[in-house]
Each structure stands twice: as C-alpha cells, then as structure tokens.
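Presented sequentially are two complexes of subunit A, the first with subunit B as partner and the second with subunit C.
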Partner chain A sequence: MVSSLRGLGLFALLLAGSAYARDGGVDVRDATAGEQSPIDGGLLGVDGGPDLVSGGPDLVDGGPDTEHAVAPPPVAQAASAPTQASDVVVTASRPLSRDRSQSSTVIVGERMRQSTRTTLFEVLSQEAADVYVPGRGVGLHGVASGATGGIKIRGLGGSPNSQILVVEDGVPDYQGIFGHPIPDAYVPSLVEDALIVKGGDSTLYGSNAMGGVVVIRSRWPDQDGYEVENDAGYGSYSTLRESVSFLGRANAWDVAGAFTDMTTQGHRAGAGGSGMVGSAALRYRWTPSLCLALRNKVVHVQGGDPGPVSTPTPDHWFDVWRDTVSAQLNYRRDKLRLSATPYLNLGVHRLYDGFYSHDYVGGAIGELDLRLHRAASVLVGLAVQGIDGRVEDRAAGERSDVSALGDVAFYGQATLRPLPTLNVVLGSRALASSEYGFVPLYKAGARWDAGRGFFVHGRVARNFRQPTIRERYLPYPVANPDLKPEYATNTDAGVGYLSAHLEIAATVYRNDARDLIKYFGAWPAAEVVNIDHIAIRGVEGRVRLRRLGPVSAMVSAAWQEVGRYTRQNPDAKIDFMVEGAHEFGPHFLAANLTGEWVHGLYMADYERQGIPDVFVMDLAARYRYRKGASGQRLHALEPYILLRNFLDRRYAYVSGYTMPGFNVFVGLKLGI
Partner chain B sequence: MTNGRRTLPMVLAACFVLGLAACGGLEERERAYASIKNDFNNPEMPKRPQWTICKSSYLGVDFGRIDLDATSAELEVEAGLDYVLMVASWEDPTCSIENTLPIASRNEEEIVPGQRRTISINMPNHQGPCPPEGVAPIPQVLYDRILALWPEFGFLPYEQRTQNPECL
Partner chain C sequence: MSLPPSLRRAPTLVALALASLSGCDLAYPEVVVVNRTADTMLLRNPSFSGCIWPVVLANGDATSPGRCLPGDDRVHFKRLNAETYCQDEAQDRTLPGVCPCDGGVAPELDAGDVDADVNTQPMWFNYQTVSSKHVGYGGFYLFEITLDDMEQDFSIPGPYGH
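Now for the complex of A and B:
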C-alpha cells in the first residue's frame, strides 16, 4: 500500500511539473517501482533537464488527490530534517490546470529563468510553436505605437493583446483602458510555473480568455528556513540585469519577495529602456487547511518606440507604472477547496504625445471546488469586476469622458469520470454586464487515457472578449459606445503518447470568431464596429526526447490557415531545443541550443507586406557548483553565458524593426 | 484486443480531424454592400479641395458620379480589399475633360462579408498625380488601372502624369 502510494505520489509530482520535478529528474520507472528516485531538492535546484518543460495535457490533473504524496526524501529535506523517517510526506503544488480536456503546455519557472529569451512571453513562444510573440530587440516590448509582445495563440490575440488573458496568482491581469496585459510586467524570478491554455477558457476565466490563457503561479517556500537567490548579469548594448529573490518560512508565516531591474541602451537609437518589477507576498497559515495570502506587485517600465530603421522616432517615449494588490483566502480539506480572491490593479501611463491615463481593474473571485464522489467533482465560482479610468490629452488640454464597465458572473464546471481512464468536463458561465447585457458561455471536453501512455482529448469552448474602454469611448482614432463583445468557438482534438523518455503529441484545431471589433477607414471618417467572422484552422505537434543519457531534445511545430487576417499571424512556426547536462558530485554542467523558424509573416492583412522568414538560434551554457554548509544549508554558485543569435542573422518580426545581431549576456547566480 | 485498444484513439482522432476539415470546407457567402461619399467638403478639414467625383469604381463595381457632399447608391460588392478608383474634376461639376484627373483613395479600403459600409473620400484619403501639395503621389499600378477603366479621358501615361492639363 505504501509502495503504491509512493508511486502515486511520484507520478503526481511528475504530472504537476512541481518544484521537485523542477529540481531534478523524476523517473517514471522509479514511480512504478516505488524505489528511491533521483529527486534533488536543492535550493537552486537547477537541472535543465527536459522535465523543466511539461507539455501536453498529461501534465495536468484535476484530482485533489494529487496534492499530497508520499515520496522519498529530497536531499534538501533530508538535510533540514535528518531525523525523519525514510518516507516523508511532501506537498506537491496543485496542478495549474483545472480542465484535463484542454490543450495546454506547462513550463516550470526554472526553465524560464534559464532561457536565452529576454521576456517571459518570448520564453512561452519558444516552448510552443502555436504560440507566437514578436520582439523588437534585447530589452522591452514597450507600449503604444511600435510596441511588440502581442501574444498570439492559435491565430487569436496579437495587437492589441486583448484576446489573450494573463492570470497571475488567480488574478486576471490587464490594463483597464486598453484591455491588454503589459508584456514587460512579467519576470520569472518568482514564477513557480506557467500554463498556456490553448483555445481559451472564458468559462473559468471570463473576458479576454478568447484565444488562450496564460496562467502564472508564483513560488512559496515549501519548508522552514529561507532561500535567497541573486542573479546579476551584463551583456551587449550595455544591458544590465539584477534580480534578487527571497523565500522564507517561519512557523505559520511564509514570505516571498523578488526585485528585478533591467536597463539597456538597446541595439539602436531609441531602443533602450528600463524595466523594474518588484513583488512581495506574505502568507499566514492558521491551520494546514486554512491560509491567507497577501500580494503586491509594482511594475515601472520606461522606454521608447525606436520607429522603423528608415524613419526612426527615438523621442517617442513612454512611462508606465502599475501596481497590483490582491489577497487570497484558501480553505482546503480533503474533498473541499474554498477560495476568495479580491484584487485591485492600478496603472498610470504617460506618452510623449501628451497622452495620460490612469485606470483600475478591481474585483473579487470566490470559488468552491468539491469532490462529490471519486467519479465526480464540481467547481463553482462567482466573479465580480469593475473597470474604470481617466484619460487626458495633456498636449491639447482635453479630457475624454469614459464610463465604467462592470460585470458579475456565475460559473461552474463538472468533471466526471465514468471510467477510470475517461474524464469528461462540462462547464458554463453566465455573465451579466452593465453595458452589454447577458453573455452565456460554455465548454465541453473529454480526455481518454487509453493506457500504455496513449491519450486522446478533445474540447469545444465558447469564449468572449468584452470591448475595451478605448474601443467604446476614446477617439484613437474613433470610438463606438454601442460595441458588443467578440465571441469565439474554439474546437480542438489531439492524440499523444507519453513515456519516460518520449513524448509525441499532435492537435488539430479550429477557431471560429465572430462579431469581431474592427476599425475601418481613417480620421475623420473612421468607424469601429462589430463585424465579420473568421475561421482559423491549424495543427500543432511536438516530439520530446527526455533524458537519453545526458541529452534531451524537443521540437514543436505548428501550421495554420488564418484566412485574411494575416497581420502578424504567421502561417507556420517551428521551435526546437537540444540540451545536454551532466552532474558529477557538487558540479553541474549544462548547455543548450534553441532555435525558432517563423514562416508566412505579414505586416498587413490579406497577405500584404510580407516579411522574410525568421530563423534564429541561441546557445546557452552554465556551470553550477553547489555544496552544503554546516550540514544544513545549501550554497550555490552558477555562472552562465547566453549567446543570442550566434549565427548573426539579420531578421525582424516587425517590418523596419530589425532585431539585434549576435549578442552576448553573461551572468552569475548566487544562492543561499 | 490490446491492439484494438491502441488503435481506437487514433481512429477517433482521425474522425475528428476529418470532421473539422469538412466544417472548414464550407464556404461562407462573401457579399457586402458599399457606398462612397464625396467628403472633400468636410468642414472638419482645414483643406477642402472642391473635387467632383465624375467616375468611381470599387472592387470592380462602378459607383458612377458623386457630387460634393453626396453619397453614392449602396451597391453589392464581393467582400475584400481594394482602392477606390476615381476620375475627379476640380471645381467643375460638369466634369470637362481638361479639368479632370485620375485619383484614388489613400487607404486600401476593406469591406468584409455581410458589412454595409460607406467609404469617405476626402483630403487625407486621396492620392493623385500632380506635384505634391499635401497629397500623396498615386502609384503607377493604380494610375494605370484608372486609365484602363476610363480611356475616354485621354490621361497621359504615368511617366508624364504631372503634365496632365489639370496639373499645370
């Protein structure tokens, strides 16, 4: 019994892509046999192995039984509790995904922290070929005209980013006026893991989860003591990055904090800027079942739009401040989980042309997750949200009148297991808006684990995006207060095979979007209306080889037919990675090669203004020395070097915004 | 039996793929309804050139003459993207040939299936052949399309476009 529980626990850890999986290799053979696995719970815990990226729906599990597992003692735990028995109870992170039928990719935080990519969105793009994120340099994506970082998932999203929702620690994160996230606001310092939900999920997440959802979860300490990590680096174009994170646990208190500051002069005039992200979180655990967490995150981004190389605009600056504060009360008991999450997201944006705005997005989400029976569980939730702001043209001395948007939504999801290998997921959301009335949403999906590692999944979901304050009220270039939401019905189906060393998966998808909010014409005769229907069809697949000796490899490819909306919506994309890692005693060496090829890029719809294919490769190498001091605490020293675009290719994701040639970044990570 | 269990997921997936492909094969009706407004006299504009639109065409459909401040009839077009091609007459509602020039909309105007749209032609939304006075130069491909549509106006070839009488 203990053996099987141990096996179940290890399997759950693997599925969850948890912190322990991040820290070392979890071998399925060990899980099956119940033997001691090479789990390495080091504080820095850098392995670089393929388990750092978890792709596919196999890595999610909605069952609450995955939260607690019996496992052999990780090294660090053994160090901190040397008198414990050989079997200790560890608490794995709860899976990020709550819908086993969806198509998704999970990326653990350590993978993001090791990436050669400069922003978190670009890291996500590197890991999944059906996710596309353009860049414009080594530093910031920026905001307003000339900005990049618009994330597209299976053909939806992009510029602006309002068809893709980012949810950070349970809080929907977007700017109140323009309805999209700030791509420079996410740094991996404290990220535990991130989930890309492909095909969206407005049933669970509400507005903007139309083409996809990026769910980010931050780290908490998982044992008494503290952990400090400092990562400082310097590179080409006078790029300087300093990042420090702190995790600590004492008695019933947990604390987590991180500060990241990056400055760069950029690879061309006007491309420089700076980004600062600071976050702090405090959690108090009354009992193992009841806790309250408070979070605050501050973002300050300064930079400019360098403009096309032919007509540079180095004086087009922007200055953005954002602050998100939230609380989360969690109660968890066997078959029940209750949570309440109030939040407030504030921002102040200033642009060179006199634009000034401040905005807020505030609300609260309450959820009840109940396992009724071993074959049935339900999740119900209530969400309220308000959005408002103020906009001025300080150059002209004019102020735009805007009206607040507010909505309340009730949603539910049922997960049924009529067979041990079959999960059926049904969900719906009823949303009532102060501005556009009632919005019904739904989804239905299934996943069948056919045995011997084979699985099949499929899902259909009706998602939506509400019009933004900008689209309804601001004359940039025109507004329409009568706009209604956009809708998308997303369908996908996939098959796959997963084993200890091999993962193969493929998914076909079709996204039907209608009532799109589109601008026509130019000032003074421009208009913005709900119109049109598009169908995007595509297929994505991946092959991942795990731990073939010291080598791992991955290739992910996607092809899609996007119809007439070809602007920054590529036809095909391939991402690949080859990685080697070797550990000997306290020493660890790793190197990886990553690459991306993007085909069928256009700067305009109807396949106009084509851009040459993008092909870029990066190299990274790192060495880590780690040892325990005083038998209790681990210290680690980790120098690394990133060689970006080492083939020195000339390429651009956005016409006129050439990307940097070969450039280097070196850094040193210290951990206590 | 085991082989059957293995192959069943593949069969189901294949059926689903075929189903999706079949759905994707259904063509939607690509019709839309457009009208064109002569907006050169828009009071919001600092400059209001007094062009009468003598001839106009959009997405291959002839919209005819459009006087200042007037709007053409709404006509059915095939949804898509195109410039509005025109022959315009400067301060001459009679459209005498010597007062006319080939012009086009500045924007490549889009109309999507099912849409009813009025396209406004005004100072910022036009381009022409004369030396620039705040007006973008018309590309040769559009100029030549206009000449082919309305040869009766006898406009000069693109290389001599600035020698058209109305430019002088």
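Now for the complex of A and C:
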C-alpha cells in the first residue's frame, strides 16, 4: 500500500499537483506589547514572528485553540478569507508558551514547510543557535547504532536524547524502552507552530523535560470550508517526497489529516530508507466552549545504519512502527479552562541483529487553568503515566527482564502580574515515582516589559529525568538497575528589544546537573553510571531584521563551556538566514540563503577525537501564483527548488558519517 | 517539420534539469580495488569512502567499479595470510595431509588427537593502506593494494548511537 501511495506521489508530481490554500501571513499577537501587529517577515510572507521570546500571556483567552482579533488585512490572507475587506476578523492561535519568563523560540509551521533542512528537528536547529541537532544524510536520522537526530539544547540532551521532551498536541512523545523520541516521526505538514523551551520545564511537563522541551501544535481549520494542500517533490539520490494535508470544517465538526511519505536511496550505500507519517484528527464542538478532539498518528520508518564511510555497514537495517492515539476534552469559559488528555503510544522495533521490542507509554493529564484576578492566574494539573515493554534478542533466543515504570504527579503554576509590565511565574511539581519515590520539582521566573520594546527575563528551574528501561535493564551495550534519576537546576537571564522591524535578544545560562547518566568504555568492558556534578555555562544571542523592504535577515549565535563531557556537545554555533521576497499582483517570488557553522565538535569526552568544524549553506527559491476563484476560494501553484550544500563542502556532524555534497530538490505545491 | 525556436532548446534544458537532480550520485567517482600483494594473501570486504565490496580478492583479483563519495580516505580491508594460517594449523595438527609450509607431509591424525581448544577458523585482521587516496567527481580510480602500502588498522570506530 505504501509503495502504491509513493506511486501516487510521483504521479501527483508529474501532474504538477499541489495545493496551497493557506498562506503564511498570519497576524499574530505581539504578546510583549499586548497589541495586534501584523508580522509577516519573511519569505512567503511568513515569519517565525514569535521568535519573540514572549510566548504570550496565559491571561489571554480565545476559543478552544484560538483567539480572535480585529486587524488590518494581512498581505497574504487565509485561503477562504474575503479579499476586499477593510477590516477582517483574523484568527490567531493561542500562544504555545504557558510561562512568559522562560527563554524560548517559536517557529511557525509554514516556515518549517519551506525550509531547506530535511527533517523537522534540523529546522529547529537552524532557527536557534543554542539548539544542536546532528544529521547523517538526506531525510532520515534512523534509530539504534549510527542514528543521529538527538537534540541538544544548551548542552543537555543529545546522546541519549532523553533529556529533551517532545510534546505533540499535549501528549509527551517518547519510546517506552529507550525514553527518547523518534527523530523521523515529525513532519511539518500539519504543524501550526512549534515552541522550543530552553532550560527545560519539568514542573509543567514532568520527566525528561530536563534540558528543554519541544512543544508541537497541529493545525485545525479556523472557518467553514476545506483546504487541501499537496506538496510533491523529487531530488538527488532518487529522493521522492509526497505530502498531502486536508483541513475541513462543517457545522460542529472539524477534521484534519495529513500523509507524508519520503523515500530515498541515500547519498551512499546503506544511507537510504523511507519514512511514512500519517495522522488524522477529528474534533466535535458541542458549544464554542466545549469540544472533544481525537487523534491518531502512525509512523513507519525503515532504513539502516550506513556505518562510517571507511567501513560501511549497508546491511544494518531497522524497521520501526509507532502509533500514538489520544483524546482531548476541552472546556473553556471566560476565566476558566479545563482539559483532560488520555493517551497511548505504542511501538514495535526490529533490528538486523535480532533485536525485537514492543513498548508502550500510556497516561492521562488533567489541567485546570483559572484566572482569579486581572493580576493573577493559576494552573493546576494531575498527570499519571505508565511505561512498559518487552524486549527479545531473536537471534540468540533470549528475552530481557524489564520492570515497568510509573508515576503520578500533581503540579501547579501561578502567574502574577503585580504591575502591568511585570510577570512573575512560580511553579512546583510533586512527583511520586514507582521506583524513585517522591520527587519535588520547582521553578520561579519573571519577565519585565520595560516599555518601548525592551524586556528583561530570568528563571530558575529544577528539572528531572528518570532512567530509561534500556539504561536499567538492557545489555545494549550495558545496563545498570541501580541508576539514580538525573537532576538539573537550570538558570538563565536575558534582555532584549523587539519592534516591528528589529529584534535583538541575548541570554546567559548555567545548567547545574547532578547524577547525569553516562556510558563509558566499550563492550564488553562498558559501564553506565551516574556521574556526580557538571556545570554548563553559555550565552546565546540573536538579531533579526524584519521586512526591510523586501529583505529579512537573522543571525543567531551561541557559545558554551560544557566541561569534561564534550561528546557531540559543540562549543559554539552560528545560524544565519537572509531572504528576499516580492509580491506583484497574483505573483510572488522569494529566495533565501541559510547557513550553519558548528565549532568545537568532539566524538568523545575530555575533548578527544575532535572533528572539523561544520559549515554548510543552502539556497532556496520559490515562485507562487495565486488566483481567486468562485468568489472566496483561492487556488495556488507554487514550484520551488532547494539547493542544499551548494558550496559542495565535505563535512560531518558525526565522525565518519560524511554528509551529502551539493544536492538538489525540486517540488511543486498545489492548493485548493 | 522543425520545432519553433523557443522549443529547440527544451530537450537540452530538460536533460540538464534531470541530470542536476539525479547527477549528484551519478557523478560520484568510480573506484576499483586490486589485490597486488602475494599469492598467499587474501583480502576481504575492501571499503573506501562509503563503498564496500563484499568479496574475497585473491592476488590479482579486482573489485567491480563502485561509486564512492568524493573526498579522501584510505582503503580498508581484512587480510588473511593463507601461508601463516596453514603453518599454524599444521603446527596444531588440525590439517591432515599436505602441508606446503615445510615441503613435507604432515602425519595423519585421528580426530581425537586434535586439541579441542584450537581455533581452526581463519583469523582475518583489519588492515588499511598507509597512503590516503583522493577521489573527485567524475573520475575513475584504480587502487592497487601492495605489501609495502599496508598497515594494521586499529581505527575501526565503535558504533555511534543515541
């Protein structure tokens, strides 16, 4: 069936099929100033806009997922919006951030869909210099040995990738056995926006939210009607990608679905594979205040570990199926929001060496968000979670004994506004673990909007991660059932300035981690143990210029001192972007240049096995023709070309896993 | 009937566009590895810059051309010295019959005479060329493995994973 769908994708490409109904130019609330500001910023009228470190007030309510405001018509309006209105009602999503004092970056979905980077995690890395994501090829990170895609945020996370929590539509998303997300399980087809919380937030999100949190929110239709978007493309190394998404609203029903299939032969033997992600969501609104949403997402990733270029291993294949199902009941009135979210995440993993596992993560989260006063709101929640699995070595006929993990947590957060320009956030979580007993967590932060666009923020948070089933029980390469949980106290402080055309921000941070779990040695003499204490210090800053005529630009830079544990934890990173866009009548032309420089990469701790700096630049160009038809409906045709690594540089994030040279991808979007 | 001028270049442009898409890997350098060591020397699974040939090369044998990544690398391979192997096995008396090592005939053995702890499996050791080779787009390269350009390879990295 998958292959036939791939065939359909190629057919769609040949027929120049693509649909593009929704433009990026969404008016977003400038949460810092509490005003409406049309932000388009950049390529194709879309901007990460809310890179605005603001998150937006928890004190602002709208519909179940949206808030409404009257604003001037944006440059590019939603597909079915009236095109000749002097004042139109636009719908903007509620801010993803629930803590205004935290340091964060928001990336809108349209920007992800237009990126030259091949996976969603790599797109996040391109947008923020204090986020590091290694890659190894075109479009697949893989699992097990040779996998990349581990996220490091401000020195924590990475390998293993369990110190960064991914939360997708309110559901924590990670594997039960290995405790980390599948990097290839995320595609931007239906993503509304994503929030990177830097410095973690275990108070709100629980275990694993230690170094950071990636919060992903999917799109819902915001008005009656439907929109279909098809994006099909073909590129170097026989890479074929087909993505189709559908949004529809009729009466009280909303539906959203997306299917993405990517297959590639890879840039060298063993680097090929395929990834399929299908998601479907259905929402019923009894009243404007009460709704129930059901979601299901299926992921199938096949590929292999190509091994180092000097000693390839083209037969080291993997095959992963995962399915996540969740429901979310939301009730919202003027000063009250209630939600209940049960979820279940299942997975089956097979590896070339006989490894076979089933795992599940199941739980439920209930939250109450209440505005007590104009200057005070509280959020309280109850979360229950269980993790278990079964692991076999089919080649040896052995089964590993594992014990399930479970926890119950009660958490709360108070947001106080003693002054109109000052937000104070206090929170704590009481977590009771089946293995580790009572775990107290806390955070405290503040943000002061000093006026005229200047702001100051600071926060301290105590975060936590419990050992994974793999670390405790599985001999891959070694296990230790006596491991203790990891803790980190993350502190940051920052200043910034934000206006319609300019954003400047800088943050200093320090992460004090205790009992970090580290692997040492190699099989059969390997060990996994808790290490005592490490401190990571760093600074991150960015400058963004928006809409200076047709040009926008961004530079983000980070430097950090990671101490002894330097494995895949770079000293410095710079990401940059320059883009130009011009619209004339129904035509739209845009191009952008992006680049990344990574310095101080090592393959081992204690600054051993250093590898050369990474420097890579990509180019993208796209043209769009939009035409209104039958009154309000828009059709759009959008061919694009991506020139990756156009300087044809030899570089690698992981020693021996040389990245592709210059390569090309062309595609076509069609929107109805 | 001739094509209108605006369409005359279309086939060329289409060919260029297709070549730019598929050509990155088609333009990879072609590499052949040849065993030029000794009659008793076998090389197995030679690899170079993203290519690996799952073959055993006797002296004089060559791999098929493989498209490898442009860049620098050494040729890596596993080596078995059949002469040494034969001598060791004869010494352990696991090879009844002709032993070419000492020019004579080894005594016939009963199965029970062989020490059960003796490993009769041939040991392939990791080797690499001493010299580093460079390959670029569009080229054809023939690399000969010789006895004076090889050294034991202790650099085989462990698996990287997260």
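The rule is short, and it goes like this: the second predicted complex is superposed on the first by the 576 of 672 C-alpha atoms of A that agree within 3 Å, B and C clash if a C-alpha of one lies under 4 Å from a C-alpha of the other, contacts with A are read in each partner's own complex, and residues count from 1 in each chain.
Basically, a contact is a pair of C-beta atoms (placed from the backbone, for glycine too) under 8 Å apart; a residue touches a chain by one contact, two chains touch by 3 or more.
All figures in this text were calculated on a predicted structure; none of them were measured in a lab.
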- [ ] With the two complexes superposed on chain A, say which partner A:494 touches: subunit B (first), subunit C (second), both, or neither.
- [x] first
- [ ] Give one of first, second, both or neither to describe whether A:321 is in contact with subunit B, with subunit C, with both, or with none.
- [x] neither
Open item on the list: Looking at A:537, would you say it contacts subunit B, subunit C, both, or neither? Reply first, second, both or neither.
Closed with: first
- [ ] Classify the contacts of A:149 with the two partner chains as first (subunit B alone), second (subunit C alone), both, or neither.
- [x] second
Open item on the list: Going by the contact rule stated at the top, is it subunit B or subunit C that touches a larger number of residues on subunit A?
Closed with: C
Task: Touched partner set for A:237, first subunit B, second subunit C, both or neither - done: second
Task: Partner chain(s) touched by A:522 [first = subunit B, second = subunit C, both, neither] - done: both
- [ ] Could you say whether A:646 touches subunit B, subunit C, both of them, or neither, answering first, second, both or neither?
- [x] neither
- [ ] Scan A:455 for contacts with subunit B and subunit C and give back first, second, both or neither.
- [x] first
Task: Intersection of the subunit A residues that touch subunit B with those that touch subunit C - done: 522
Open item on the list: Touching residues of subunit A toward subunit B in the complex: what are they?
Closed with: 448, 450-452, 454-456, 458, 491, 493-495, 508-510, 518, 520-525, 527, 529, 531-533, 535, 537, 561, 564, 605-606, 608
Open item on the list: Taking the touch rule as given, give the residues of subunit C at its contact with subunit A in the complex, in rising order.
Closed with: 17, 20-25, 47-52, 68-71, 73-74, 76, 128, 155-162
Task: Residues of subunit B touching subunit A in the complex - done: 5-6, 8-10, 12-13, 16-17, 20-21, 23-24, 28, 37, 39, 42, 44-45, 80-81, 106-115, 117, 119-120, 122, 124-125
TODO: Would you mind writing out the residues of subunit A in touch with subunit C in their complex?
DONE: 144-150, 158-161, 180, 234-238, 265, 267-269, 305-306, 308-314, 522, 603, 650, 654-658, 660-664, 666
